[in-house]
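Both complexes below contain subunit A, partnered by subunit B and then by subunit C.
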Partner chain A sequence: MDLFLQLLFTGVGIGAVYALVALGFVLIFRATSVVNFAQGDFSMVAAYLMVVFAVDLGWPYWVAFLISIAGMAVLGAVFNLTVYYPLRHRTFLPVLISTIGASIFLANSVLALYGPQPQVLPGWLDTPGFQVGPVYLDSQYLIIICVTLALVAFQYWLFERTLIGKKLQATSQDKEMATLLGIPVAGMIMLTFVYSAVLGGIAGILVAPILFVSIQMGSTIALKAFAATIIGGFGDVAGAILGGFAIGIIETFGAAYISVPFKDAFAFLVVILFLIVRPQGIFGERVAEKA
Partner chain B sequence: MSRSAIGQVFYALLAAVLVALAATVKTDGYIANILMQAATYAIAVFGLSIVLGLCGQINLAQAAFFALGAYSVALGTVDYHIPFWLCLLGGMAIALAAGAGLGLMTLRLGGHYLAMVTISFQQILTVVLTNAIGFTHGPDGVSSIPRPAGFASGQSFLALVVAIMAISGYLVWRLADTRLGRAMRAVRDNELAASANGIDVYRTKLIAFALAALLAGLGGGLFASGFSYVSPDQFAFADSIVLLTMALLGGAASPIGSAIGTGLLILIPEWLRFLKSVPGLYLAVYGAAVILIVLFMPDGIWGYISKLFRARKPAPSKAAEPLTLRPLDSGAPMALEVKGLCKHFGGLKAVDGVDLQVRRGGAHALIGPNGSGKTTMVNVVTGLYRATAGEIFVDGVDVTTLPAHKRTVAGLARTFQNIRLFRSMTALENVVVGAERDGNALIERGRAALWGRARAALDFVGLENRANEAIPSFSYGHQRLIEIARALAANPTVLLLDEPAAGLNLSEKKELHDLLGRIAAQGLTILLIDHDMTLISGAARHVTVLNFGRRIADGETADVLRQPDVAAAYLGVSE
Partner chain C sequence: MRFNRRILNAGLAASLAAPMISRVARAADTLKIGMVLPVTGPAAAVGGYALAGAKIALDRVNKSGGVLGKQLELVTEDDQTTNPGAVLAFSKLAAQPDIIAFLGPVRSTQNHAIANDVLKTAKPFCFGGTDPALTKMGNPWFIRFRPNDTYSARVIASYGVETLGKKNWGLVHSTDAFGASGGKLLAAAIDKLGAKVAIDQGYPNQSPDFTPVVLAIKSSGADVIGSYFTYENDQAIFARQAKQLGLTIPWVGSPTTVAAATLKLAGPAVWGTYAIADYATDSSPEAKEFAKLYSAVSSAPPDLQSAWPYDAIGVLSIAINKVGSTDPGKIRDAMLSIKGYKGAEGEYTFDQFGDGLHGYNIVRNENGTIVFDKHIEFTD
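Up next is the complex of A and B:
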């Protein structure tokens, strides 16, 4: 039972990271119908930015954090202008392949600039963690869970309570109608990419102290987050968050009770099971085509 | 000699020269390795040319299928001492089964699911190859893989691989012009129109996907013996992306493009070796190149070249025989009969208990104001939507529960309100797809009969002299005519025309009217959905009027149009 609770805590913590990246996936998918394969590389780039500012340059953690996040916002904008925007009128396949190209480009640019040696980013707090009853609460995991919950709340407020959130929703539901109503659709899509890059960046910075900072961390996280969106129901915000937690918990328990080397396969097995049994995910994707 | 025959002779000569060179020219080990890699990869890329190029479906696990072939040969020959050729066939079968299995699960869903599932498969396989050490030898890989008897030297095995590559490339090249290949291209261009023309979309995608996996398995099996060593990191996700890029760079639509892309992407890294001094730089350039290719060369290098040099094919010289329509007649009193048909979308009753009897021969019109349920009704009758309740009979056969592509077998053909042609194909190829539906009793099997009928159908609508032009070069009105020709070529029992006059100018409408007259003269039954009262009162003997999903009038055209509630529904006259 103690082990169970400990694993649950760890699973929820790592799942929170997947949830954040999955959220970025879903926001871009809803706004542009594009599956962004470079979403995980946003996390990787942000983690490297943190290593540069907080470790190499030795700036205060929060200053490095803010500058890294600002850098991610710029990256999101550049990504939109180079990878998505020129292809916006083409079918989904070229855009998807273009994002794959971007993913390869980002990962290997970082490799060329920083070298293959994995880097270490210290955690935010000096306290490593504390014992509550039978469970040891690692402080970095606590931070991850708290920040994720705060971001989810912020997102809810943004989308449901503000005008700009309504405009973002209108853009994702019907671009033509949104344009006719005077909503700057291109601007809303730009905002979506910037926001998604920032979300991915925060996820990367949060998870970096737990993992090593390496160029592979992006694709690993992205694949898990992608799995999360399938489990939750493609295009559904709440589904992405729940799916992220589900993947985190599944792989943590799978590793502990079944097999450590096969840990990375569990998420994908669950995805394939879901596609057989309930392809629309927990919350269901609205699929329809007009004749 | 036709263009295609010249091309085939040229291909055979080129292949023979390549095999001879591979068998005779002495190369050092390094060059030989590059050639071996290029030839085996090319076979896998031909697979992508089928699934991505012809059928428009993504596959991000080609390296995994390649690995299945490679490990079958490696483990089979080394650990179990099974002869090479058996292992190769076994590997192809395993890859085929894996591809078919993945396809069965996901091809009904959208493209991003396919992307995800193929990635998942790729990742799981990599994890298994790395960690199931007892079976796969783990990260160390398998070494000392033998070559088959008679091809023990590297040189002779390379010649064998090049020969197999040439044959595979030939088959993939010729596939595009077979019935299956046309079905794949039709699915890529327009799934709805494909199923309305009798193509089983799901089955076609599944075959494309399985064939692609099969070719990857073949390439992988040869790769294992060629290098006599395999390990899991040779077949990772990144390698699937490399294979995909090869197909895209050269031009996924053609195996020649695929071969060019494969060659370039294996050679370029060698030319750019100076970039490799900085780890990552080469792949960063590579990633940027992928984006640039997608941006500026959407059809790849070969697509770009062949567009530059595309000679306009001459129009067929011989005038085709006139089109004959011989609709089947089972003796059932009605050609098309609909009883109590309902289609509800949630709470909206788009079609609500409609009866419709279409008598054999001549035109029957279905009219009604916008939103009255006409197009929904057509979509339910042709099987794009499933009926909520009611029954549909075509020539006395109950088709209510049949999928769309099976209803064409029963004798239904249709056109679409917003034209749905296969835009990357020529006018003639579009019509051929219509002609080769299952159950078209008028044509014997055989290319000449098939193409003859398609040309006759184009001639019938007056476009035979432009048969070999691509769809985008036709005007809107002519595209409508091609769609009608495609439906007529299928020799249907009932032809449904969904707003054929929409967007036509006056003279085009007159041509359409004449055309309908000539169709009706051959005894084909037409169900005509339109708003144009001149067209309907001129062409249709009977009319059914819908409003708010219900039938409000039915009978002889002149009588119905005189009824006050019909005028009220159309003109909004208050009662």
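Up next is the complex of A and C:
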């Protein structure tokens, strides 16, 4: 039972990170019908910004965090204007390739500016963790879980309880109809990119004290987050969150009870099963309704 | 007007041709060595260390008159820390006929990937991968500048069983060529010494979490950890989680345990660990001299990543000067005939397979300082 609880905590913690990045995937997919392959790089860029502000410049952690997130908002806007907007009337393939190109550009830009050495970003709390009975609760995982739940609640409020959220939903469901209703579609898509970059950035900053800050950290997370979106149903917010937690828990328990070398395979085995049995994902009905 | 145009054209042609003529002249004055190293990807940091080590050696050789009266020149290509990247990088270098020898990757899996191309190129290929099979595949051009894993496994097992008195091992290793081979050899060496493997945990590279591995070792009853980690960040994550989850048994690891990047990332989580190290600053006067040279160009501590390319260029230059030509076969034969070359990593005496080093240093991490314990050399 002790082992089970420890694994559950770890699985939920790592799953929360996947869920945050998956959320970014889904939001952009809903708004543009394109998978943004640079979503993981948003996490990497934000983590490096934190290293610059909090470690190199020695600024207070919260100040560094807020400035890094503001930087990610700007990056999201620039990303929209340079990677998506010029190709918005093309089919999905050129846009998709454009995001892959942007991913390579971001990774190599950070490499050229900061160098290849992995960096250490201290955790948010001085205490590394707490022993609660037989379970060790890593303080960073606790923060990740809390922030993810808070962002999920914020997202629910934003989309369901605010006018701007309704406009974002309308844009994602039918751009032409949204335009006819007077909704500034281009502005809503811009807002979506900004919000997705911020979400990816928060995920990167949260996970950096665990994974360390490296050029590859984005791709390590993004691959699993992508799998999470498939399980949850591409285009569904609740599905992305559920898929993220599912991937985290499946790979942790699979590694512990079946085989560590096949840890990554368990997550992708579930993805393959979903693609065969239920390609629309867990919450596929809503997508069907939307269509 | 015509005269002026003719002069103008001639001047233009001369100015365009000048850099080319200069390059040809410079190329004729230098001997080129190709180097495949990671500039991008997960191992980009260690690629920087390797390049620094190679450049120190190059500088040293060139300042002392060069090779065959010419300056050595390094031509590098990025392997992107991937097997396809390594193949592409080597093929770019192999296409340059004036390159006389190569420095290959430090990772065994990448050396396996380019082995066939090396065979076709038929020029000396110095490398750092430690999978024993690499020099036993019948490829005469593979010349190794690190002790292979038959030695590393025996030293880890010997130190854990005979010095620390531990009999019940928990093994952790990556599942790539380096880790799988190291884990297998370590299990065999432990068995040979009459100890047993309580648990053997392979893991995929770039794992974000090691909780299941740590908990499995903890519940296995193992009284010592033996490890072969490929990447420093994986080792650092494992070390930190082991400490958090109360896995405090002694740990004897592969050289990654004391790699500069691991020390930086893991910090106190790897204090108190033991490791085998092909490079240890206090192991010899040559190692100390290398540390001094390295500290002048890098803020990172010297480690195997920088030491083996330094030694490889030293051995190459001696071999080329000895044969007095750039004939690949003669250079190879001269390299394999070298006995007792004192390098930063140790004393090189090449066997017929191309293995130059036959033992390891044991070091321990005392509160972040790497302390040399002893050197174990094998004659069989």
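The criterion applied here is as follows: the second predicted complex is superposed on the first by the 282 of 291 C-alpha atoms of A that agree within 3 Å, B and C clash if a C-alpha of one lies under 4 Å from a C-alpha of the other, contacts with A are read in each partner's own complex, and residues count from 1 in each chain.
Keep in mind that, in the parts below, contacts are C-beta pairs under 8 Å (C-beta built on N, C-alpha and C of every residue); 3 or more make two chains touch, one makes a residue touch a chain.
Bear in mind the structure is a predicted one, so any value in this text is a computation, not a measurement.
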{"item": "Simultaneous placement of subunit C and subunit B on subunit A, clash or fit", "value": "clash"}
{"item": "Partner chain(s) touched by A:I215 [first = subunit B, second = subunit C, both, neither]", "value": "both"}
{"item": "Contacts of A:V120 with subunit B and subunit C, given as first, second, both or neither", "value": "second"}
{"item": "First, second, both or neither for A:V21, with subunit B first and subunit C second", "value": "neither"}
{"item": "Touching partner for A:Y136 - first (subunit B), second (subunit C), both, neither", "value": "second"}
{"item": "First, second, both or neither for A:L49, with subunit B first and subunit C second", "value": "neither"}
{"item": "Superposition-derived comparison: subunit B or subunit C, residues of subunit A touched", "value": "B"}
{"item": "Partner chain(s) touched by A:L3 [first = subunit B, second = subunit C, both, neither]", "value": "second"}
{"item": "Partner chain in contact with A:F234 - subunit B first, subunit C second, else both or neither", "value": "first"}
{"item": "Contacts of A:R90 with subunit B and subunit C, given as first, second, both or neither", "value": "first"}
{"item": "First (subunit B), second (subunit C), both or neither touched by A:F268", "value": "first"}
{"item": "Subunit B region in steric overlap with subunit C, selected from 130-138, 292-300, 436-444 or 490-498", "value": "130-138"}
{"item": "Overlapping contact positions on subunit A, where the subunit C interface meets the subunit B interface", "value": "107-108, 111, 115-116, 215, 261, 264"}
{"item": "Contacting residues of subunit C [partner subunit A, same complex]", "value": "38-42, 44-45, 47-48, 175, 201-204, 206-209, 211-213, 215-216, 219, 232-233, 236-237, 244-246, 261, 264-265, 267, 300"}
{"item": "Residues of subunit A that touch subunit B when the two form their complex", "value": "29, 35, 82-83, 86-87, 90, 92-94, 96-98, 100-113, 115-116, 215, 219, 223, 226-227, 230, 234, 261-262, 264-265, 268-269, 271-272, 275-276, 279, 287, 289, 291"}
{"item": "Subunit A to subunit C touching residues, read off their complex", "value": "3, 6-7, 10, 14, 17, 107-108, 111, 115-118, 120, 128-129, 136, 138, 207, 210-212, 214-216, 220-221, 252, 255-256, 260-261, 263-264"}
{"item": "Residues on subunit B engaged by subunit A in the complex (per definition of touch)", "value": "52, 56, 58, 105-106, 108-113, 115-117, 119-121, 123-124, 127-128, 130-131, 192, 237-238, 241, 244-245, 248, 278-284, 286-291, 294-295, 298, 375, 378-379, 384-385, 416-417"}
